[in-house]
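Each in structure tokens, the structures are laid out below.
First subunit A sits with subunit B, and in the next complex the same chain sits with subunit C.
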Partner chain A sequence: MGTGPLLLLATLEGTVMAAVLALAAVGLSLTFGVMRVVNVAHGEFYMMGAVLAWAVAQAVPSAPLGFVAALLIAPPLVAALAWVTDTTLLKRLNYDPESTIVATIGLSYLLQQGALSFFGPDARPVAAPFSLRLQFPWFGYSGYKLFVVLAALLVLGAVWLFLRRSKAGLVMRATQVDRNTARAFGINVDRVYAGTFALGAGLAALAAVLVVPISQAHYLMGHDPLLLSFIVVIIGGLGSLRGTLIAALIIGLADGILSMLYPPTLAKIVATLVVALVLVFRPQGLFGAPAR
Partner chain B sequence: MKALVPHLAVLVALAAMGFLLPPYHHGMMARVLVMAVFAIGYNIAFGYTGLLSLGHALHFCAGMMACGIAMREGVAAGPALMLGLAAGGVTALATGLLALRTAGVSFMIVTLMFAQAFHLALLYYGGFTGGDEGFPLPGAARRLFGLDLTQAGPRYAVALVLFGLVLLAQWGLVSSRFGRSLIAMRENEERSRMLGYNPFTTKLAALVISGLCAGIAGAAYGVLFGYVGASFGTTQYSILPMLYVLLGGAGTTLGPLLGAGLMAWLIDAASGLTDSPLAVIGVTLIGLVVFAPRGILGTLRQRGQKWLP
Partner chain C sequence: MTHLPRRSVLAGLAAGSALALSPARFAMAQSAAPIKLGFQLHRTGIGASYGRWYERTAQAALTRVNAAGGINGRPVEIVFEDDGTDPKRGAEVVDKLVSQHGCDLIFGPLFSHVVIGSAPRAGELKVPYLVCSEGYHVASGMLNRWTLQPGITDVRAQVSSMAPWVTSTLGKKVTMVFPDYAFGHDHRDFFTAAVEAQGGQIVAKIAVPPTETSFTRYFPQIPADTDVLYHVMVGPAVLTFVKELGEFYGSGARPQIFGFIDSLEAVDLAGPGLEFLEGTHFWEGHCRVKQADAPAWEGEYRAAVGVDDNGASVSDAKDVATYAHMFSVWETLSVIKQGMEVAGYQSTADRQKFVEAVEAMTGFDAGLDHVQGTKTFNGKTHQVFGQQFISKVEGGKLIRVHATAIEDGLYPDAVDYTTQSF
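And then the complex of A and B:
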């Protein structure tokens, strides 16, 4: 393959990566934006989505139906788990940022162990709902991967509309700006927080269900998405949804293209260092507005 | 000087345990002592100065790798340990200079990212560092002051002496004027700035001291147990000292030892129920944050046992 087709392949892979990353990172960004807490267990919610998708797909005999069932069942289940976590754990901590981090670290260990015990240490595949192959002159490309990009775009658009146009989105944004004033206006802030946490976890799980036919379910798979989501959210500016989307696109594409040319570990070292330095020298992120 | 009594009592009890414990618990206790040194370092940063770092595995593993690689290249154990100590301090100084420009959650994430980058770098240069598999230290090189550290008795003795020195140093530090300025940073940074203390240099000094402890702990771990590797640089080794300190009681001199010992016992006791310590660590972390954020000794002290150091 010449340089041109190789670059095309890398860009395609990067786009798929960016789409999945955007979904997972938007969840993390929402919880940080509205609740001002960092959820370290976000990667584990992602992993739960994938593992549940496998479990559901096992129970349904036909492959396309199994995938659809997983898509409908796994994210709400993970969201419900997150709702319970919020009301029983985070609320008791009063959403203190540092305690929340420690508690969600504990939670992530628990979920990892749970998945290991009930699911086992092996990676398990879920069949893609269809096996269309797009034939380019130089190489064939999985049609399912392009479907993932399309689905992610649809979901992100829906989240955008939900936040901008719906009453619930308005209430969420109001709580983000000033939770005390929101409470004074009769908004049930506890419920908004639980809902936001559930929505964030659900989006992570959805991203995982979409990715499982590409990369298999495994109990440790939450680690990389967590790190990448962190990177995306921080580069994009903590709590800024638009920044998160732009950053996801840039980092997804960069990761796809760079890991074709350089060893992936080197790319990860550079990315983590960049994140640390962005937090130190430009805490509002590259696209966020300076803190008021 | 009254607080000297409980410290010496603990050290005497530990020395007695060295003669009384059966072999299995003997080795476990030596490990606990080394990890307690690591936790004391964490306690100085988190418990006394209020710096919640999620990246102390960096200093621990830097100390361990510096010591291990030096010994592989033929340096004797004593100087290699000193190299490990220095590596812990230097990494803490370098990351602290940058990370201390942030605070709170950002500080946690920045330290986490530095530790992550270091761990990945160890893997990337696996040819030199041994990567994830690490490498064993030859038994013949593991000698200190004529003691053969492959034997259980000398190993326990060296671990105990190291722990005793660090424990007493910690006590001396926190009861000194400088130690009180650390606590002032934790309690009210603005007010201590107004009183003329420089928060940046004070916190940086605390981090460097903390890093020195982590470095010597990592180096000692390598020398005493004969194995070094990048797996000691994973996030889990940043969480463990935090867990020990939270469990024993942040800001108490004996909390790190109590936390490390109790956690080792808990994981050992639970090994019949689960095959991995992850769940035990997770449950303990959540339980502590929700029900006892001050830890065991901190809660006791709050409930009237004012004499606890």
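And then the complex of A and C:
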């Protein structure tokens, strides 16, 4: 394959990865930005989204309808689970940074082993809503993967509008800036926290539902997205939506192109190296506000 | 409250211990107690789809053995322990099966990294360890006298016997895609040697980590002048692998494709996105689809393990079996029964006699005990050799087009385990 087609394929793959990564990481970034909680169970919420998508799609006979049903049902279910987790677990720990890390590590094991017990150890496919294939002169490419990019852009746009234009978004941003002042202004901070945690988990689940027709649901699938989400969030700057997007693009494209030209492990090494460099030279991330 | 005299307590204690330790009582219980076989099972982790079917096959084989009177007149039971398809846990499972459950021997593991991680522990504990892993690590001399592979042909013999057919029928320039661990390395090394012996050439070797979930990025490495794409993949993402391969080639020109059915074990060939496999070839250790000329016992075996004529579960057509590999569990239990009977196996003290009895075997006749076919057993290398099958996908079904002879896969001995000490 010539260099041109190779770069085209690498860019396509990288863009798809960036889109999924941005969706998964934006949830993590929100929970950290607003709540200052490092959610180690984020990858398992992602996994739950995929597993529930499979369960829903199983219950619906036709393939396109099954996917649509999964898209509508799985993320809210995961969000509800996250809401309950917040009110019964994180709130009781007073959102103490160290305690919540340990608690979410425990939660991640619970979710993973729960999925193993109730869903089983096998990888399960969900049929894509359509089976369009783009045929380039050098290779074919799944049309569904490009749909994932489009869907991710739409969702991220909606999240941005929600944060910038809606009252709930304003309240979330206010809480992010100063929790105590927000409370003094009559904002129910507990509900904002629960809502943020639910939104973050729901976005992860949504990313997973979009991914499942490409890579199947499996109880161990939460590891990679968690690691990469952390990388993206650290590079982009914790709590910065714009930073998350740009970092996801950098990491996604770098991974796509590097792993096409060199062994894929090199792409992971480079991503981790970038994190280290960012931490050394710009600890607040590319777009994060310096710690006050 | 009356005081129990110390003397009578001590006397009672002594009598109790004497009773517990008396050899007569021990021997009596021994003769009636069931023989306990430990099964190292990939119930979870990347080998889970194999584990599901290996457990079912083992249960079916156990039912058959017990219905025929057990082993040496004693009932047999199998203790299943999950190793998570993880080498570290594999060694722990070996320990647990021996020390905690008191198993007479251990069998059943498939994944080569688990086998290589566990076999040394089995050797230390001096417990027979009968693996179903296909790896060349048994016959290579890498493991120990307690490790045997009497149920399935190793990769070296498999690929050596098929290489002539591949190069003469499909083409001489081959690109290999294989999982990047011991099992895949056996494929890489021995298929390369076998193809070169036929005057062919491996034009690219593409190693993929067995935990990989996205594969498109590897396909551009396939050189354009490839005649044959040779693929073998394992793990939960095998379906993604073949789907993305299909997407990559699309409706454009593609090389001939020769795959190991491992890339599609437990996967329905008729699933969406797999249409491109029509006309491609697969290695099968045991034909998934019941062939027109299937031997008489084939139906009985399928009924026992609960597999229909298409290779799926009789209770769920979507639950496709790991049919090309799972016969090894069934046949290994047949070898265990035969070995224990020849050795007059009574207790764990006879473990060495059992290994010697298996080492003395030279082959197995096809039949309900050895459903995959006739086999030659090499007691020195602890490895069995059987026929291999090449099938073509026709109308979404695997139809056998070639069967190798056992002799095609034989190679010089690399080890003589019988000269090693126990």
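Going forward, the second predicted complex is superposed on the first by the 283 of 292 C-alpha atoms of A that agree within 3 Å, B and C clash if a C-alpha of one lies under 4 Å from a C-alpha of the other, contacts with A are read in each partner's own complex, and residues count from 1 in each chain.
As a convention for this text, contacts are C-beta pairs under 8 Å (C-beta built on N, C-alpha and C of every residue); 3 or more make two chains touch, one makes a residue touch a chain.
This is a predicted model, so every value here is computed, not measured.
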item: First, second, both or neither for A:L116, with subunit B first and subunit C second; value: both
item: First (subunit B), second (subunit C), both or neither touched by A:E98; value: first
item: Partner chain(s) touched by A:A10 [first = subunit B, second = subunit C, both, neither]; value: second
item: Partner chain(s) touched by A:M221 [first = subunit B, second = subunit C, both, neither]; value: second
item: First, second, both or neither for A:A127, with subunit B first and subunit C second; value: second
item: Which superposed partner A:V280 touches (first subunit B, second subunit C, both, neither); value: first
item: Touching partner for A:F139 - first (subunit B), second (subunit C), both, neither; value: second
item: Contacts of A:M260 with subunit B and subunit C, given as first, second, both or neither; value: second
item: On subunit A, the residue positions that both subunit B and subunit C contact, one per complex; value: 116, 265
item: Residue ranges of subunit C in contact with subunit A within the complex; value: 43-45, 48-49, 51-52, 209, 212-214, 216-220, 224, 236-237, 239-240, 244, 246-252, 266, 271-273
item: Partner subunit B, residues of subunit A touching it in the complex; value: 38, 89, 92-93, 97-99, 101-103, 105-110, 112-114, 116-117, 227, 230, 234, 263, 265-266, 268-269, 272-273, 275-277, 279-281, 283
item: Contact footprint of subunit C on subunit A as seen in their complex; value: 1, 5-6, 9-10, 13, 17, 63, 116, 120-123, 125, 127-128, 131, 133, 135, 137-142, 214-216, 218, 220-221, 224, 256, 259-260, 264-265
item: Subunit B - residues contacting subunit A, complex; value: 52, 54, 98-99, 101-102, 104-106, 108-110, 113-114, 116-117, 120-121, 123-124, 239, 242, 246, 274-276, 278-279, 281-286, 288-290, 293
